[in-house]
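Before I ask anything, let me first share the structure, which is written out below as structure tokens.
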Amino acid sequence: MPLAFAALCPIWGMWRRKACFPWSLLGVAITSFLVWSLIGKVNASKVVAYNVSGWRPPWGIQIRIDYMGLLMACLITGVGLMLLIYSWRYIVSEIKEERIPYYYTLYLLIFTAMLGFSITSDLFNFFVFMEIFSITSYALVAISGERMALRAAFKYLLMGAISSLTVLFAIAFLYSATGSLNMLDISSRLKSTAYLPVASVALILFIAAFAVKSALFPVHVWLPDAHSIAPSPVSALLSALVIKMGVLGIFRILFTVYGHSFSGLSSTWNSIAGVVAWAAALSIILGSVMAIIQRDLKIMIAYSSVSQIGYILLGITLISTRGMAGGLYNIVAHAMGKACLFLVAGIFIYKHGLRRIENLRGIGRTMPVTAGAFALAALSIVGVPPSAGFVAKWYILWGCFQEGQYAFVIVVLLGSLLSAVYCFRVVYYMFFTGAGRPGVGLDEAPFTMLAPTAILSVGTLFFGIFATLLLPSLNNAARVLLLK
Amino acid sequence: MRKAAVLGALLIIGAMLLFAIGKMPAMNSRNAPDKTHVIPRYLEKGEEEGGAKNIVTGVILNYRGYDTMGEVTVIFSALCAVVALLDREKRGLSRSSPDASGVRSSVIVRTVVRFAFPVIVFFAVAYMMLHGEGSPGGGFQGGAILGASVIVFTLAFGLPESTRRMPLKVRIPLESTAIVGFLAMGIIGLAYGVNFLTYLLPGVHGAMAQTVRNLMMTVIEVGIGIGGGVIFISIVFAMMREDKYELQPDVPQP
Amino acid sequence: MNFSRMFHNLNYVVSALLFLMGLYTVVVKPNLIKKLIGLNIMETSVFLFIVSIGMVEGGEAPIVAEGVKSSQMVNPIPQALILTGIVVAVSTTAVALSLCLKIHERYGTLNAAEILGRGEP
Amino acid sequence: MSKIVHSVLPAIIMAVPWLAIPGAVLWGKKRPGAAKAVYVGCTAATFLLITTMYPRAMDGVVSVQHLVEVAPGINLAFRVDTLGFYFAILLSVIWLLTTVYSLGYIRTRETRYYCFTAINLSFCLGVAFSANMFTLFVFYELMSLFTYPLIIHEETEIARRAGLKYLVYTITAGAVILAALIMQYYYGGTLSFLGHGTLNSETISKPVLLIIFSVYMLGFGVKACIMPLHGWVPDAHPAAPSPTSALLSGVILKVGAFGIIRVLFDVFGIKLLGDLGVALPMLWVASFTIIVASLFAITQNDLKRRLAYSSVAQVSYIILGLFLLSPDGAIGGLLQIAHHAFMKGTLFLCAGIIIHETGKRDIREMNGIGSKLPITMLAFSVAALGMMGTPLTCGFITKWELGLGSIQAHRPYFIAVLLLSALLNAVYFLPIIYIAFFKGDPMDKLLKHETSRTMMVPVIIGAAFVVILGIFVTVPGLPYSLVKIVVKALF
């Protein structure tokens, strides 16, 4: 159990100093190592719990690492480490020098907050961590000080703050109905509560609020601005991890707090899950369509996130074991693939200042590794076998069949066709147009930028072929959650 | 049109909220779930377990200490965010003009502030922070008052004067005292083999244990107070600096 | 809807109305500062709501003292929560205000419509 | 049942073509000779390695190799039965011919061409070796995607258009196959090939089976260019460089047909298909394709477009033969895979030589070309005669078996389709031969010269095969013997 805390402990210590690169790298690396050392423990005992301050829940706050939390934590540490290494050389080019220490500080804070968010089992603690990563991400979006960045950050801040307050409001409702803040305790008390209407309104508020955070279709408007204008490692961080926190929020509320089959709430629950599923389906289609019509590479990638989040939420809200496993798997696939895409976009900006897709003509010849990484990650986003994205889609489709939701089958397939269109367009410009400029040899990015990009893209392939590493656990987790 | 749409949406949300409120437990009721579930233990054993007469303090620092740690992190993040956006003032004094607004506050204001300032600080530190465990108050409240005192001072005497009195190299270490305090106390417990943020040392019992706990909690309270206060001050300084920067218009005003 | 219950729960109703007012302000007002004020109204309404939850009839402050029985004390948890909540609100406001400062410096205006209009450099 | 042995050979064979990539990338610019040597060497090595599996295939032994479990119940695995071997050996031969040919033909962007051709060989072999529908789908999709760079090799506007069309068709088809795959797995519970159908008509309702079947046909039909889905073929073939056209026509279209074969034999099984009553509609669709595509071919004046439409028609012979659901029909259909590959491969390679040497693509401009390129045009004529079904060529054997099959299936009226098709073939091939040899005003009589030897040899070998397969039909080791074993196991 102390390990669970130890996972957090060093980070707290890290960021108070002047956070220069090696220091934060050390912090993130130690944390990552500790988190990974937990994997075996969680596998052995399903859940690792740790009572902060030594009080048992519901009196104290409990840290509770279940499969979902562990998955997110591993993802955060893994991808976070890569992005940090990438930042080292990149960030110098987009941020004023005196702000760089604050960049690293904010980076560590957001990293910490996401970790805390994924492993806490206390609702209010959940809110506090959510606020930390929200505030830091507003700042990270605006950190370059560009006009557009400020505007995007403000928009993001307004929507984010409203959603945070809604979460707080919902927590208050739940607290008044149950008198507890611990998720599991609330869950057990909700079963016998006399205040079901209050709880169901709270559920609606929760879902609406987290839908904003995860950029679900009608409330995704902040995402394309914020994700495309931020410095590239930040875009990658936001797209790969921060919006997943919204997904995690929806997941926690739907499953950990409210549970699948409450007698009194099941109709509300089901209709809300249905609404989320349809919103997710719309996200898939509209996100892809919007991505297709973009000319700016980063905005395109950002819209692609909207559609990919749709896949994840669709999978989760299908209420079938396979679909949920697929949704969870897409979290992994999308985190790695999308981080890689943004990093590649960052490399283009860093080396050539290129943002527009048409300007990437023939870049595959001078930067084969970068462009190759993009192609590989794009294949995963599209869902071509054998990539991680394919496994995810396979399971989501399977879930659709399990539940007899044939409309969603079409949505998923159509979505992957549309994503093929926008991904392929970029690959086409990179590799198959523009005669090789004579005399131009290889012109790659620095190693510290190239390596994380390449690792992430190979990761998408690795998790496509060796999906058995994760899938049985995910299937188990899904089964446990749905049979409850 | 737009307003109408917004109003319509608000009406729906409002109806939903009112519906929920209509079904909520009656206010002031002693039988509402929140008064019967977790609370009795806090209220009955709060002093003994939580280590503070003021049970709110006990809850904040002890039962829900982890939250509070998150909370100091939030405000630290805010500081980082603000200075990352606004560019922190440079070390030392670079500005020649004593008061950019060109208007000095009146003698009365300055005299009053000069007298009131130490009193406010004393109130903040001695009463709010150190005494927080037994009466209304606590670290954050003390920190807020502390910050306010310096802000008042700044308003009266100008930013350069304040930054001279509280230079950056003093503030930077102080800003992190809150978190450091928490961490240090937490790790002490951890090192002795109990859970993080447990203010008890194994092998120490009875009155001695109470003393140890009170000591540790006081350290945290003061840490939060000073840290929080200084963070407020730094945020305000950063913003004021920016204000002045803006008065030299390099951007055409509309 | 049970109006007498609602009247009894007047604090809740008021906080819900404040919440909506704040939301309206945030969405409709063009001025960024006014939007922030709306946000703060929302925040305050939620705090009012949470503190009201903890209230009991004839309650005392939850401080252990002579002559105060534990059953008479109000619920301390909401108070602890809003303490945190206030800090969070302050932090958000601080960040938002500094964003406003930068926006004003860069765009020369705080009017949302104008800022959107000048989006493209 | 057949014996089963474990063997890593398929995996090794698949790995061999990849060895060409470092050679091509490292030496592509500086030492083109070395790059070419590595490239051809790898292809030849692949071919030789496949031949070592011949004894097993003849004994009906199945080699199995499990690679990796992607997800519970879903494996990447290899399983080489006689059918897989037949397909693999065929495609490696065709590949070897076009590889040698391409050394002389491809003059630009060699590195990319070599790399992607080699990778495609590997993926095609993967399709042939796959042990279950999932593996087949994975390699099928990869092959489809990696064919794209070959099609747009020239990077002209036409090639890009064709490439785009190809991609749209093929990716959509991929999604459709995926849907079918999921349905099969969800309803049938397994994706493995066991030598007989795995879908069970007792547990799965008939409409569901019908849906699965038609979705599969829609998906694979794009690659196998069944008529309404053939749209990409006439654009892609002319746009691609000729060795690629030969590959497309000779192998890659067959991969689609191979998918259909697997669906037919290993997913549904002959009996179940017979019960479902889908054979007859498929026969009509195939017949329709044969006739209409031949008519289209007549109207084309671009040589390669005409050949492409001819391919559309000829691939449907395979479908026709298979869905007769009779042993002789199946023999005919499976033989057609090999026979058409040699015939059409030769034709496209000849067309490549014509384009390469004279720059002419329009048939009407080819007056007297036979006197300029006598050997090429001779080979062309042999292959064309084969297409018409002239006796002593392999085309005749196919048509003969198909005819037997339709009688066996009590559907003799499909013989009429075959005859009509032969007639149409004659209508669109004979004029070319006529124009080439007998139409007066031979151009550039003095400049009688053939092309380089690397391009000549594959063409001659191909033409020789057309005749050999037509005469020495039953020699062991040639397609007929292999097909016989396959069909015997099935019926």
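Each chain carries a letter (A, B, C and D) given by its place in the written order, and its residues are counted from 1.
Quick note on the criterion: contacts are C-beta pairs under 8 Å (C-beta built on N, C-alpha and C of every residue); 3 or more make two chains touch, one makes a residue touch a chain.
Since we're looking at a predicted model, the values are computed, not measured.
When chain centres are taken as C-alpha averages, the shortest distance to the whole-protein C-alpha average belongs to A.
A separation of 28 Å divides the Cα centre of chain A from that of chain C. Chain A and chain D have Cα centroids lying 44 Å from one another. Distance between chain centres (mean CA atoms), chain C to chain D: 70 Å.
Remark: chain B and chain C have CA centroids separated by 17 Å (rounded to whole angstrom).
Across the assembly, chain A contributes residues 124, 128, 131, 135, 138-139, 142, 145, 175-176, 181 that each touch 2 or more other chains. Among the residues of chain C, those touching two or more other chains are numbered 19, 23, 53, 77-78, 84, 88, 91-92, 95, 99, 102, 106-107. For chain B, residues touching at least two other chains, in rising order: 17, 19, 23-24, 32, 34-35, 38-39, 42, 64, 67, 70-71, 74, 77-78, 81-82, 85. Here, these are the chain pairs in contact: A-B, A-C, A-D, B-C. Looking at the complex, you find that chain A touches chain B at residues 1-2, 5, 9, 12-13, 16, 50-55, 58-61, 63, 96, 98-99, 102-103, 105-106, 109, 112-113, 116, 122, 124-125, 128-129, 131-132, 135-136, 138-139, 142-143, 145, 173, 175-181, 189, 193, 195-198, 201-202, 204. The residues of chain C lying in touch with chain B in their complex are 1-3, 5-6, 8-13, 16-17, 19-20, 23-24, 27-28, 52-57, 59, 61-65, 70-71, 73, 75-80, 83-84, 86-88, 90-92, 94-95, 97-99, 101-102, 104-109, 114. Here chain A touches chain D in the complex through residues 379, 384-386, 391, 393-395, 397-398, 401-402, 409, 413, 416-417, 420, 424, 431-433, 435, 464-468, 471-472, 475, going by the rule given at the top.
The residues of chain D lying in touch with chain A in their complex are 68-72, 74, 76, 137-138, 141-142, 145, 149, 152, 155, 160, 163, 167, 171-172, 174-176, 178-179, 182-183, 185-186. Listed in rising order, the residues of chain C touching chain A in the complex are 19, 23, 26, 32, 35, 39, 42-43, 46, 49-50, 53, 77-78, 81, 84-85, 88, 91-92, 95-96, 99-100, 102-103, 106-107, 115-116, 118-119, 121.
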